[in-house]
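Heads up, the next two complexes both have subunit A, just with different partners, subunit B and then subunit C.
Moving on to the complex of A and B:
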């Protein structure tokens, strides 16, 4: 083992494996989070010859989680071909989960605390936990606490027929009672994001993803699962005219006169899937003759107060990126690729609009001038969440290797270094952004 | 339990109760008791000493209203201690207005500090300002909660309205100016008001006013159907502002159009100088609740 370096080194992104993403209640309807995570890990083990290997750690997480899955990642690793001596932990930061696990693993590698690790995430909206409603739960727990038979009987006397109705997790912010789509619709209305602009982002996402599949880009990033060989939300023949016919699904509360612009196509669908990324020190990769696709440079996490309307729910990356740029002495224009998680097409368009607005940039971001715009032909060039789907916690671990491979391809092709920016917004008004270089 | 009133009372009679009255019994009695029909308020002040806030009862209240269990006692919670005394006052035969069907119009709470669970408190209530209302009569019920040192730590003034009730002539000038919250047009939260919220809040508050728990009774009292308790809407609004203000403040709420159960409502909030403004509005734009909170 090399001794811990005196200054942080950069963690290498070695490779990745994910399973194709499946629309909710479809191909993966009967697979659990643990099933999917185990499958994705075993694919990674097979690809990089890691059977029996003790890695530094595996960090994963899921947004929708059964209480029995408290040790989800540990259970998946114990059922995988990795060494059972590989430690694990679960982390949850909504849609930012697996970019945050990437950050955790990369930081430990950078500090020399570990030499290798897997960052991942998984989510199912099909095999979602169903809970008994609060009333029934409280009655049953009170009966469980009772110390005498009479106490149990007294507690159970609180049972009522209406308590049978179960609670199914809803995609709602607890403090606002609004779905993520309703929040995004308010932000879209506030920034005047047009339907056409959203549909253009959507068509590009599908076309870019289809082209990436066609050129074999995902051949070494993905393993088939339960009969799927590619993301089944992909509509390669998606057109602006076709999308224009769809009815809006989210209306912006408080903007009764504003046209609703968000449809089932320019919003991500509920999706099932799992994704993993292998990170390591350069030395660990070299010892095993494994490639280094790119390095993890830096990351920033931001949060905004959306509860009382100070900022839109999904706008935290708008704040995170300028902080990350300043710390690294970069401008928004200094990147070869931009990987922006398309929670909703309108979300990334609102972010771009905010960065071009001098008042917003001065008053909210504390900048002297607007952050500006960038070359949109570099945006999500291999498709993003609108086309692939978005199993919440798995999205970061889909994007990191996509960008790492794009940067690797560029450096192989041009012989020059490249740099990419990742941005992911998350429920609860949070956002994670990161820089990779190759 | 209470002393018989003397024929003439030059000063407010203070009557100290041994225990909080039972509200269901009081409502039942109110339904059966004929009113005095007068237009003057009884000159009485009811007190209950050695009241202690029970942690389990607060937890039940927290669950229904959305506060965190084990945090500070909610600023609306002392109303739970005062309400039985208010009802006791209002269901006595000498009280001029009938309690069943009474509608809460306004509630102003001034908190000096939050009460602690288990600390001995003295709760005192009296009626004040019987006045004409365009459609009947209104009356204020005033509460003071004092600690063991005799310092008032919490006070409230609730204004109730009774449709068609008699009132003294031209006495509507006593009320102070209503709160005027300034909020943006964008709601920051959408409330889903459960259909059984009246029963739920009645279970934790003891306020079994039929307009909240029974659809037919609610209609009999001129309501469109069961309506949420005003104090539940105020509690929920304050729960949404928990952690965003200090311990000493005045929170003034006017209850406008009743909130039907079930229904959806839009909650608007805005920071104000030394506090918060908030509004609860129906999806069609009718005001349900106007709130201002100003820190001391």
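Moving on to the complex of A and C:
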């Protein structure tokens, strides 16, 4: 048993497994979060021969979660082929969930607290929890508290027809009542993001993902599930002309003169899926002759005041990245790959625009000059969320291994080290960004 | 489990009486191997055809070491019973034949044995290799054994098998794993077959210290096409015998593959074996387990079409998966230290590659090609103390055969000496035996596992 190192070591990304992502109410309509997470874990166990092994921990989480799933990750591990002695916990940070679980597991490995761990995330919008509304809930709880039959009858006398309407989880911010798409449409309008630029990002995402599948990139990152062998949101034949025909779906409130630009194609669809990443110390990997694809270098989480502070809901990564760069003595241009979660094509374009804007960089980010631009041919080269779909909590654990494998391929090919940047925006005005190296 | 309604019927109480009355052919329940099972379930009769027989003492020594009651007289009372009491096996050392006249001694021994051998009993004839004989009368006598065995196999009842092993001159002390295979219930569906031991010169290996309950202990095996069917059973059988198993299948079958890999506590490798990088990827993955000892080329596809309707793409896909991929992987194995000294390659041919099958020109060609590959690769492997052998399954009960038309399926089952289809485990047992380190003298062989199907000789 190695002792805790005096200075932190870097956690290794050994490999990964996810199930194909499925558009909502489709292939995985009857699969629960626990089903999907268990399947993804079992695929990971099989890939790395971990049946019966006790890992340091499994950290996972879901955004849309039934109350009975309070111990979702633990239940999934108990149903998986991992040793039941593997501890777990649930974590939830909206779309940043599984980049945050990666950060947690990586940090524990870095500190020598654990030697191995799985970071993951899962989400279903098909098997979503439906609750009774607050009125009905209060009546039922009052009836439950009543100590006499008369009391129960009295409490139930408060029942009204309107209480039958259930609470269905909605993709909207509790403090603004606006959907995420409506928020993003405002940001796009504020930054003057064009429809064409968004559609170009979208087409590139689909084409890159299709090419990655064609070259077998996902053969050791993915295991089929319930008849799906690929993400079923993928449209390999997507073209700018085709996308131009779609009607916008989100209007930017407060920008009456601005054309709506966000469509069902350049916004991510509701998606079901699960993803896992295996992290470990270099020693743990070496003992098992397992590969090290890349190392987890550093990460930063930011939050913005989108309620009162005049900042876009999904703009937190714009703040997180410069802080991460400064801490690591890097510039925005110092990366070989850029993996930006495409919540909406407009979101990453607004982020890029902000970094090129001297006023924003000075006033909001406190920088001397603009962060600048970077070579966009290095952006999402194996496709991203617009093509794969976006099961909220699973996206980080999709992106981390994608980047790790890209870096590994580069180092195998060129014999040179590489570095990549990950950026994920999240509901609630938060964002998680990270650096990997190989 | 069984979808063989006829077998279920004639083995039921009512069915048995009907079948007996009207003369329906019985379908014996075959004894199959379970860990810890004794080699034989009863006494054995061991005969010798000539005074110069060279294998009887090896056989006797093995059987007595295992505590088996052995008698030389085929009419000996056994197990405290009478001269007609059932025996578990009849073995005849038929080496040293000098002319066809010597065959009479074999007849004299086997005639009572045929009456005494019990359900799932074993009759094993061990002879010299015909090709090693110069004189016509000697070679004729040696070759005659084949006709005797194949015919006797068609007469044997209640799941008893009759097989022939040709032992090369000087290899008589290298037959233990072969004896154990043919005498045990691991060979339940191998009937009327012939196998050579020690015929590829230069072999090396040992049976010393083998744990016969875990004959693959410490060995790492790769099984292609392991997601389901015969491949999944092979993976489980190799694991049962002690191997660490790498399970390979196409990415699209990854979910079933993960289940197999986790069932055997091995690892899953999603890989299209026809890809250019496949051999390198396979060897790379094997290094996780410290290298490879056993490679089972099980992956195969059918794209059945009458030759008159065949097209190039379907043809090529069958040849690529069933033959070219194996050739490419074998080349890589021969060139790499990742494939250990003493390694074993086992490949899956088919009855269709021997006898041909309507609608299966591509499949039949690929599976016959596999036999050619085995012939040519066997001598190349000698320098690594390695071997290559093929199993040629006949009608094996799988999802594929369950989907056949009833007539074809029933013909496939009944037109064999066992009057039933085999199970995936029967193929897997044969592969696991080829894979043993102790099978070092078995090289370049093709063994049919088909219950002596009447298709093909």
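Criterion: the second predicted complex is superposed on the first by the 437 of 438 C-alpha atoms of A that agree within 3 Å, B and C clash if a C-alpha of one lies under 4 Å from a C-alpha of the other, contacts with A are read in each partner's own complex, and residues count from 1 in each chain.
By definition in this document, a residue touches a chain if its C-beta (ideal position, glycine included) is under 8 Å from a C-beta of that chain, and two chains touch if they have at least 3 such contacts.
A quick note: this is a predicted structure, and the numbers were derived from the prediction, not measured.
Under the clash rule set out above, the superposition-derived model of subunit A with subunit B and subunit C shows the two partners fitting side by side. Shared-chain residue A:329: touches no atom of subunit B or subunit C.
Looking at the shared chain after the overlay, A:288 reaches subunit C, while subunit B stays out of its contact range. One of subunit B and subunit C touches more residues of subunit A, and that partner is C.
Looking at the shared chain after the overlay, A:415 reaches neither subunit B nor subunit C.
By the touch criterion stated above, A:369 is placed in contact with neither subunit B nor subunit C. Once the two complexes are overlaid on the shared chain, A:161 sits clear of subunit B and of subunit C alike.
Per the superposed model, the minimal spacing between any CA atom of subunit B and any CA atom of subunit C is 45 Å. Applying the stated touch rule to the two superposed structures, the subunit B and subunit C interfaces on subunit A have no residue in common. Interface residues of subunit B, counted against subunit A in their complex, comprise 63, 184-192, 196, 240, 244, 266, 269-271.
On the side of subunit A, the complex with subunit C involves touching residues 39, 42-43, 45-49, 51-52, 81, 216, 218-220, 222-225, 229, 288-290. Within the complex formed with subunit A, the subunit C residues making contact are 247, 251-255, 257-259, 261-262, 265-272, 275, 287-290. Within the complex, the subunit A residues that touch subunit B are 134, 138, 162, 175-178, 182, 186, 190, 253-255, 306-309.
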